[in-house]
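Got some structures for you, see below.
Both complexes shown next keep chain A, but they swap its partner, so chain B is in the first and chain C is in the second.
== the complex of A and B ==
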């Protein structure tokens, strides 16, 4: 009997690997992708990058403009995340199994959040382009909607995980709904909630760059502008600045996490 | 003596055909210390939670201080709950808050929504909390965070949170199941001592038959959702234990003769 289980597991693994291989090969045939050629072009790409894609002294003159755009992108990301977090907190409290008002209302709030979560930020940007055109507002709302969906889900799970016991205890003492939320749910989950918000800010700064390409705003647009006009040195400076900003933000949020957790 | 709590023909059904409690009836006198024993899954926790309607029973009647608990409206139910303290196996504290804050949570039920939300407690209430913690031997831990305490200390905070309610009755759901023997004894001793001096009625779910015999006035034995023993702790015979725990009773890890002798 025991040997059968192991043999079966091995067969399953083998079947999975074969399937994976078949799908890969099929995909390569359909897209006419030549793996050898693909890998062979990597050195060439590096060579090109080394030759053209580095900041020069004259590109540094553009630095103030770039930093201004970077600042805009950072602020939009942070604003979108924090605003989304406020709504997500409300929705997660109404959607979480431990704190929901009733099952029906809980299902509705969770459903709304699921819809928002499953539409990607880039898709939101495309949808919103119709309403707001190419502006920072489009980017802001795209990030806001995407973060709202994700944070609601993350908050809901945090609340369920952290506060089930104390919610039960406070209910048993006869405490009211709002007392329970403010004295038990929020104090027990706040560090994790903040941690999720920080994570979302980091993610949003990265997405904001890409969304900027679509919406014609922020640092993403700046990059696109210089890149398309063949100013590779300035475009590379933009990349360096973005990477520096992301590392800095990550360092800062890791520090905050360490302090609060 | 008057009956503080009366349970008549209580049933609880989960889903379509899984019956957790079947026709459970018993009454508890003012000031009594009652243990509920029975195998895992017999319905002890469900029974306890039906009493303060943390779980809504399917049928039957519960009378607490002559109030029909099962017919109460939301607001009246909250009021009844302020008179019933509850203690949990996993303590159910807010780990990130201090011992005194956790203790004061016990009186949230008597506060207005606004006072509850901002966590406003009067000076007298804080002093009362400190005094209760002092009685429970936690005076040096008052400002410590709950997650810095040992299991036994956490459970004492749980008791403090229940006591500050000034309850008529305490419901304890496996209060010592997660504790080592020493802390378990400390907790049971405190429970017995404090409730006796304050005249609080106690209903406690227990896994340990020997502990139940030692501490309680009366024992209620439950098997498969039915009361199979309801009588004094001293009168519990090995046949009764066999009935409560079924065929495994022979293998129970203690010797009942030894307990009665001691």
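== the complex of A and C ==
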């Protein structure tokens, strides 16, 4: 009997590995991915990076322009996140199982959030490019829609987790809907909500670089400009500046998280 | 009448308390930081709107235009420059890219995740790997792809390698955190019985965290699908993202964008439902 279980387990593992291998080979064929070239490119990229991809004294002259673009990108990311957070809070209160007005309304708000979340920010950027052109607003709204979808899901889960018992207790005392929301639900979940907002800002700065590449604005465009004109020293300076900004924001938000959670 | 008087009596003692109400919540460090964070974010948002480069864009015009465009995009989708079958094939290509990056990322991340877990390796090794992960994650994926594209040429090969970098960083963090949750006593007991490092890993660490690992890996697969769409658009990785980029920037065909968006949406929602099902199954098992 014992041996049977082990044999079965072994067979299952083997079948799983075979399936994984088959899917891998299939994926390699349809994506035209060349494994040898892929692995060979890693040392090549490192070698090339050592030789070309570092900031030089000349490129430092461009630093003020780059920092200005970085500031624009940071502000777009933060503004999109905060505005999205306000809407997401509204939607998550209506969508959460503990605080929704009724089941029908809850399902609709959750459905809207699902649609917004599952269209990637890059896709939003390409959609919005038609009406807003190459302005900061294209990136802003792309980030706004993407963050709105994600934050609604995160907020809904937080509210479900944090406030189940207290909502029931307050209902039993006869508290009204709004006093329940403002006296119990929001105060008890605010540390988690802030933590999610900070996480979203970090993510959005990375996405903003990508959107900048696609829509021609912000720091992504700056990178693309130097990259395409083969000015790799300046392009690497842009990367260094982005890394510094993201690590700094990560540090700040880790500090905030440590204090409030 | 009598009842009213009684009521007055009941509420009377409360009156003198109203004057000097105790603060509902004492102001501690957490409350100050919470308020400060919210205030800073609000202030930066206001400043951001003030400082945006609107490029003489009429906001209301553009907004109304967007609604009209969204209506065209989502209510009148069509495929003009390629067929339904081609679109389906491109979706498969994008899924393939996501699959390869997730697989490569997961294999490498298991190894480094074990080394990054403090209870399985030394503190020094753990810190070195964790700071490497922080560095990898700080560089946006698209920049990794473009950097590798210089060495490997623009295409799916550079995209897979570049995207794998980010997946590795993400999964090392997720895996090592679930490894660290393992009870210290289990490892000590195995060490006392003479088990070597590999035996501890394969008999205790991985079996106890396999459910977390599977759900994190699948979550990363979901993310990688979205990333693969974006890389197709921004870094020439091919797949449905590239078609979307062409429809948007070259053909200026909104209806085709609508059709492609529906394809992406369908796959993404399917993956999400599937992920939720896996999670539920693992939690009950």
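The rule we apply is simple: the second predicted complex is superposed on the first by the 245 of 261 C-alpha atoms of A that agree within 3 Å, B and C clash if a C-alpha of one lies under 4 Å from a C-alpha of the other, contacts with A are read in each partner's own complex, and residues count from 1 in each chain.
Here is the rule we use: a contact is a pair of C-beta atoms (placed from the backbone, for glycine too) under 8 Å apart; a residue touches a chain by one contact, two chains touch by 3 or more.
As the structure is a prediction and not an experimental result, all values here were calculated from the model.
Judged by the touch definition given at the top, the superposed model places A:166 against chain B, while chain C stays out of reach. By the touch criterion defined above, A:128 lies against chain C but remains apart from chain B after alignment on the C-alpha atoms of chain A. Once the two complexes are laid over each other on the shared chain, residue contacts for A:191 go to chain B and to chain C alike. In the superposed model, A:246 makes contact with chain C only, not with chain B.
Between chain B and chain C, C contacts the larger number of chain A residues. Shared-chain residue A:178: touches chain B; no touch with chain C.
When both complexes are aligned on chain A by C-alpha atoms, chain A residues 190-191 touch chain B in the first and chain C in the second.
The residues of chain A lying in touch with chain C in their complex are 20, 23-24, 26-28, 30-34, 37-38, 41-42, 44-45, 48-49, 53, 72, 75-76, 78-79, 81-83, 114-115, 118-123, 126-137, 140-141, 190-191, 194, 197-198, 206-207, 209-210, 213-214, 217, 220, 223, 227, 232, 239, 242-243, 246-247, 250, 256, 259-260. Chain contact summary for the complex, chain B toward chain A: residues 52, 54, 77-82, 84-86, 88, 90-97, 105-111, 113, 116-119, 158, 161-162, 165, 171. On chain C, the positions that touch chain A within their shared complex are 29-30, 33-34, 37-38, 41-42, 44-45, 47-49, 51-55, 57, 59, 62-63, 65-66, 69-70, 73, 89, 92-93, 95-97, 99-100, 103, 134-135, 138-143, 146-148, 150-152, 155-158, 160-161, 226, 229-230, 233-234, 238-239, 241, 244-245, 247-249, 252, 254, 257, 261, 264-265, 268-269, 272.
Residue ranges of chain A in contact with chain B, taken from their complex: 163, 165-166, 168-176, 178-184, 187-188, 190-191.
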